[in-house]
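Chain nomenclature is as follows: A, B, C and D, assigned in order of appearance, with residue numbering initiated at 1 for each chain independently.
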Amino acid sequence: MAEGIKITTIGGGSSYTPELIEGFINRYEELPVSELWLVDIEAGKEKLDIVGNLARRMIQKAGLPIEVHLTLDRQKALKDADFVTTQFRVGLLEARSKDERIPLKHAVIGQETNGPGGLFKGLRTIPVILDIVRDMKEYCPDAWLINFTNPAGMVTEAILRYTDFRKVIGLCNVPIGIEMGVARLLDVDHDRIRIDFAGLNHMVYGLDVYLDGVSVKDRVIELLSAEDTSSFVKNIDGQAFEQGFIRALGALTCPYHQFYYKTDEMLAHDLKNYEAGTTRAEVVKKLESELFERYKDPDLAIKPPQLAERGGAHYSDAAVRLITSIYTDKKDIQPVNTINNGAISGIPDDSAVEISSLITKDGPKPLVLGDLPVAAQGLVMQIKSFERIGAEAAVTGNYDTALLAMTINPLVPSDKVAKVILDEMLEAHQEHLPQFFSKVES
Amino acid sequence: MAEGIKITTIGGGSSYTPELIEGFINRYEELPVSELWLVDIEAGKEKLDIVGNLARRMIQKAGLPIEVHLTLDRQKALKDADFVTTQFRVGLLEARSKDERIPLKHAVIGQETNGPGGLFKGLRTIPVILDIVRDMKEYCPDAWLINFTNPAGMVTEAILRYTDFRKVIGLCNVPIGIEMGVARLLDVDHDRIRIDFAGLNHMVYGLDVYLDGVSVKDRVIELLSAEDTSSFVKNIDGQAFEQGFIRALGALTCPYHQFYYKTDEMLAHDLKNYEAGTTRAEVVKKLESELFERYKDPDLAIKPPQLAERGGAHYSDAAVRLITSIYTDKKDIQPVNTINNGAISGIPDDSAVEISSLITKDGPKPLVLGDLPVAAQGLVMQIKSFERIGAEAAVTGNYDTALLAMTINPLVPSDKVAKVILDEMLEAHQEHLPQFFSKVES
Amino acid sequence: MAEGIKITTIGGGSSYTPELIEGFINRYEELPVSELWLVDIEAGKEKLDIVGNLARRMIQKAGLPIEVHLTLDRQKALKDADFVTTQFRVGLLEARSKDERIPLKHAVIGQETNGPGGLFKGLRTIPVILDIVRDMKEYCPDAWLINFTNPAGMVTEAILRYTDFRKVIGLCNVPIGIEMGVARLLDVDHDRIRIDFAGLNHMVYGLDVYLDGVSVKDRVIELLSAEDTSSFVKNIDGQAFEQGFIRALGALTCPYHQFYYKTDEMLAHDLKNYEAGTTRAEVVKKLESELFERYKDPDLAIKPPQLAERGGAHYSDAAVRLITSIYTDKKDIQPVNTINNGAISGIPDDSAVEISSLITKDGPKPLVLGDLPVAAQGLVMQIKSFERIGAEAAVTGNYDTALLAMTINPLVPSDKVAKVILDEMLEAHQEHLPQFFSKVES
Amino acid sequence: MAEGIKITTIGGGSSYTPELIEGFINRYEELPVSELWLVDIEAGKEKLDIVGNLARRMIQKAGLPIEVHLTLDRQKALKDADFVTTQFRVGLLEARSKDERIPLKHAVIGQETNGPGGLFKGLRTIPVILDIVRDMKEYCPDAWLINFTNPAGMVTEAILRYTDFRKVIGLCNVPIGIEMGVARLLDVDHDRIRIDFAGLNHMVYGLDVYLDGVSVKDRVIELLSAEDTSSFVKNIDGQAFEQGFIRALGALTCPYHQFYYKTDEMLAHDLKNYEAGTTRAEVVKKLESELFERYKDPDLAIKPPQLAERGGAHYSDAAVRLITSIYTDKKDIQPVNTINNGAISGIPDDSAVEISSLITKDGPKPLVLGDLPVAAQGLVMQIKSFERIGAEAAVTGNYDTALLAMTINPLVPSDKVAKVILDEMLEAHQEHLPQFFSKVES
């Protein structure tokens, strides 16, 4: 009993959870999980029950001795956990919808990670994450926190800057998606491809690409100069870059780069969805309600194929892969969000970066991959500045700091527009931003 | 005779030259110039004669033994010079007009230093500057090159990266303008104000502000949060920032920051001028032709007051002040563009920065002023990336590199627009861009 | 009255105080001191009275309205001070004698700043300095602390690492001594010489040397390659370096470098003094007792010329010069010990360095002088490691940490010898090292 | 045929070669070597034949299709090689004997890597290595150079600083020896131990130690605080450190650290051998002549067990392991000497470091392991300064530079002694130091 692994998943009622369960089932040999605690908040109780029951059916069908606990008591769930994963959404999809639509109302891309929407997601999420960290320090100080709550970069930055907790790893499915896209591009199996990733979350570059260990970067770049990169990740629409741009850049981009290198096209596209009522939150809301209908089916005991369409595929798989490598000290290479410590020059040593790292029992050890391309350093630092000021605003609840974060975001065209969006969003999200509003006494 | 100082001014036929002459006259006691060589190209011969004759009348009136030489022979002019100043414009105002108007045609700000226009100004200027450096190494290896040809940041970067010449100082009138603006704001004499400047050319921040040596930064920032900063420099229109933005930033901005923090307002403003045919180049063209009419007057023997309206005021004065401090080893503090060497962390050690420096006979020694504000680091690095890639494109004449530079410029909304503007500008400036076109053999 | 400057001198009964007084008298025009508080401890009361009375006679003779207060109440003395200077010696010369003699007993140089003796001086001094800093934060938070208590490097490092107090400047008379030595070498007035200093306290290099602003480094190095450098500073005996050594190093050394580049000669010399009972402490003890006899003379109202022989000349003058430049915002260049902030690459940004800095009302701003010579980087980092571990031992009272500091000192030949010396010195200085001994409860 | 791997071993007549052969035989499955070219110089022809014939017998006995070529024609041997290993000794053991004995004559440790002896080994070796690099760029530009010729740190530094060749990896058997020593200490199998290594060649620290992926550093340090570490590596005699020293250091040392942390004991030990004529070179000379007698035996077709006593065990095995991991893109972790690129802060980015790295087809990617212990930074930088100045002296043949390198070596007690040793060694090694002597024309 003392042998098995205890996993605690905060935001356990998420529609992603079945993927996580599937991951634990598939890797049970290597990663003998004995207890899985799914935690959620009162408002998420119904979903938690639906997902939790599906989880139990899946495990039963697999014939594995994994106990599934459903609870609203976070501290109890954290007690003696070995790994904690977080995948919650403060304010649910309703909040995401506001994150996307309010900026669009002012002709600004919302972008729920590194854009104005991401700022507000950070303002809502960071205080909760810091609370979780406080609880972990008390109830499971040796556990690793695997965070895939967005904005994962800003969240990791906040933990590194405002706590002394270091056992945090931010996780994203974008890099794995790029690798799979490259594999498709070259028509080879995914496991023959390796990419040296470096940058920030949703702002990561592939510095080199290997097929069976031999660099094929130049070939991939040639293909990409012609190809449509849109297939990389389903979450966002992609468009091919101009001939020569990637060639001169000398590195692979990630799908989110289109927001910065194709700002006007992306904005036009988002505005169309805005008017049609088909922004991502709205699409996802529909998908989710269908998914939960599906999850309720008492005969369902596998991850339903529809989940793959939800976007964010491989997120949970990435999490289980990471947990397994830590647990088994596998020393394989995975791209994670962790402290820089000089791996990427130009970015402060004590900041979070997303970088290919060796995964050991002692956590990730970033690889030294050389400098970012000169042409990428500016944009990367701009997002890093945004992450740092955003994290500061989330912790302090200072209005001016939030205005500064909004203004320096590369998607926001002026301080004036920044203020308009900021004010509307603060009001819209008021209930989830106590640090900005409950200042009566201090 | 061997005692006097020899100054060589490349682009001597510039309308700014009378200010330079006035500077040399006013500081003659400290800086006994014996020879002033004004150099220009064939196409500028008429202006050179007009300005040169005015210069001679001014010196004669002042009763000083400064010889004025007018020549088209650059190498002869450089021979044994002590200081070389550069203030030329490849392609003249006609080219500037294209730099401004072609981007605006596609609803993009032209901005002749750190914008698309600046890229092309750099592509035209850098090869010429590198030629001048080659000549200096041969004809006056001990001379200092004081460059105020824009884009001064990209030009200095190019010299540092593509030559081993280190006696170059880039100069700008923006910092002095900010100091004068602050003095007006506080209603005190300019010489009681000192600002710690750090950043890049036309992207410089005032990290602290002192009145009689005591920091008044907080007070100035409070005033600026309310005030219109437009009076700082006449070159561009200014608008006040949103309350709290500067407060949270914690540093003074320069007027050019408005292009990045108020992109949409600036664009609207420039578009209006575009349509009215009153972009800066057009205004300046008119001013210049009036100025040259004025300069022709054989009775004129002083700098005419109209020059002050030309914009760029204090440029020449700044140059004379800098030359004087080097010559006299004055060890006063002036903001200059020079090699970073660790003064600003985050910017590569071997890159150009604009920073308050001690001016000695041995050149500028930057002051360590602490880090740039976190919120400023991203934008600064974005311009630095742009400067570096732009300088590379200027030296290599590589199309893809130029496309990359254009795309990463923060004023350009997408790679597609970048390509359209690039192609039009390459064609428009073809005669001044041999590195992109004369590739028959290589 | 509220206008005048209040100076507080901790260790006011020092034999150096008359030099300080002379400095205040000579610079009264620029630096109108109204109150001078000399503070000492009970054991130093007699000396305090003697020196204090001399100070009063000197001021009276000069006809200046400076009040001199003598007190054992440090907090009262600190109240509302503008500048605090420290020049005390925990354990008096008796302790210095032990610092020098115990290592020599084991054939190791004592060296009271960067050697084993310096470690113990640091262990005794740092807790007292941190106490003073605590008091300053309460009683005079706007005052500057000018520390010339040795080991000034380790003491400054300790304040930077273990407090959030930043208004500290460490001061040393070595750089000024080098400048004066160079002036004598070139037979010119001192004020025509300027040296770019960079390194650590008592481990500082002259990266360039200027006569009237023109580099004469090569000439000085040639002279030094032949010359005896012993005249630079009277405190220690000097010997010329081998031909070619300084030439290849490419920088000026300071007299203390002989301990590292001439370890065996210095040891032989010190051992001779050890046996003869003429180590520095013993010589100084004799000098001091003669000085105090002289100070008692009620007819004496000037700094007696014998003080110049005491060694440490120019210390107090350097302090008054520094205070004056801060007070008047003079912006001249002085070598001081301050936070590095990137000025010297390779040394941590948050460590203390000794470096030529611009002195402003806002404190010192280091100049960026380029890298230390490659050959110097190792020794400098070795002393920095020693300073950091020494400071840590002083704060924690941890035996192992003290052993580590002693072992890594470049003058100590092995861990075994380190332990022997450490144990003897801990015992000898027990009464002044409560942090190592009063651990009954914790 | 085009499929097999071609290995070229420069210094093929070395007594170590049989270990290399054994390595290739044992790993033939993974690393199908088809051609092995053993190269040597005229003076080594006899040994080359003896070793080459043994190699052929070993391969024949193993029944593998590896061709062994023996040649004095280096360029022919390099043609189209896949991997080049170097293990030569300019001046043979006779030179090593001088490297050891001349310093000892003046009571200074010789130490053939980071001591005075190492300087001279570097001065003799670096020009030859740079020649090999030139040949490789012409004859096998895609090959990797695996260097285990000492001083491996200085040699790698020289290649990085004085060529643009980057496919070099320096190799050492010290880290593997430490791992094996720790395994013995804990009485576990070697492959359960992993150590995070960082530092310089023969100056490497174990920043953390893992048993089955769990840190056991504290336990190992406790054991080492009591234990005799001498068993780690046979090359040099070891002695335990003082209680608490390693504890406070917080990292494992390597055997060579004893030269710096136990200088006097090591010197006493070496002096005893000096007088007895049993310095390492002399012992090795005897061992080697016995080994070659053994190698001649036509019945011998395995690596004779006596080779293990030669010292330097595991060197060749480490080389084959490294080559295999590159060839198979294994991505395991091995400590190698490679370019720093920010992995260890404080050491220049472009310098060589010894660091645990991921081994890929694209070469080593250093892991970011965090900072070196503060107490280690000084000594490490001192050796780095020595390596850099030593490499410069080797390339320039400048006497002053060599004197500087000798003087800053931490084992040398003064510039005077440095000069005496330098002059004697220059004379003794004259025939192998053409860069210092053949300066008639230049």
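What we mean here is this: a residue touches a chain if its C-beta (ideal position, glycine included) is under 8 Å from a C-beta of that chain, and two chains touch if they have at least 3 such contacts.
Protein identities per chain, from UniProt: A, B, C, D = 6-phospho-beta-glucosidase.
Because the structure is predicted, anything quoted here is derived from the model rather than measured.
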Original post:
Both chain A and chain B are touched by which chains?
Top reply: none
Original post:
What angle, rounded to the nearest 5°, describes the rotation that places the Cα atoms of chain A on chain C?
Top reply: 180
Subject >> Interchain centroid distance [CA atoms averaged], chain B/chain D, Å >> reply: 54
Original post:
With chain centres defined as C-alpha means, what is the inter-centre distance between chain C and chain D in Å?
Top reply: 44
**OP:** Scan chain B for residues touching two or more other chains and write them down.
**Re:** none
Original post:
Using the touch rule from the top of the page, what pairs of chains touch, sorted by label?
Top reply: A-B, A-D, B-C, C-D
Subject >> Touch list for chain C against partner chain D, complex >> reply: 241-242, 244-245, 247-249, 261-265, 346, 348, 374-386, 388-389, 398-401, 403-405, 407-408, 410, 413-419
Original post:
Contact residues on chain C for chain B in the complex?
Top reply: 194, 196, 208, 210, 212-215, 328-329, 331-333, 340-345, 349, 358, 360-362, 365-371
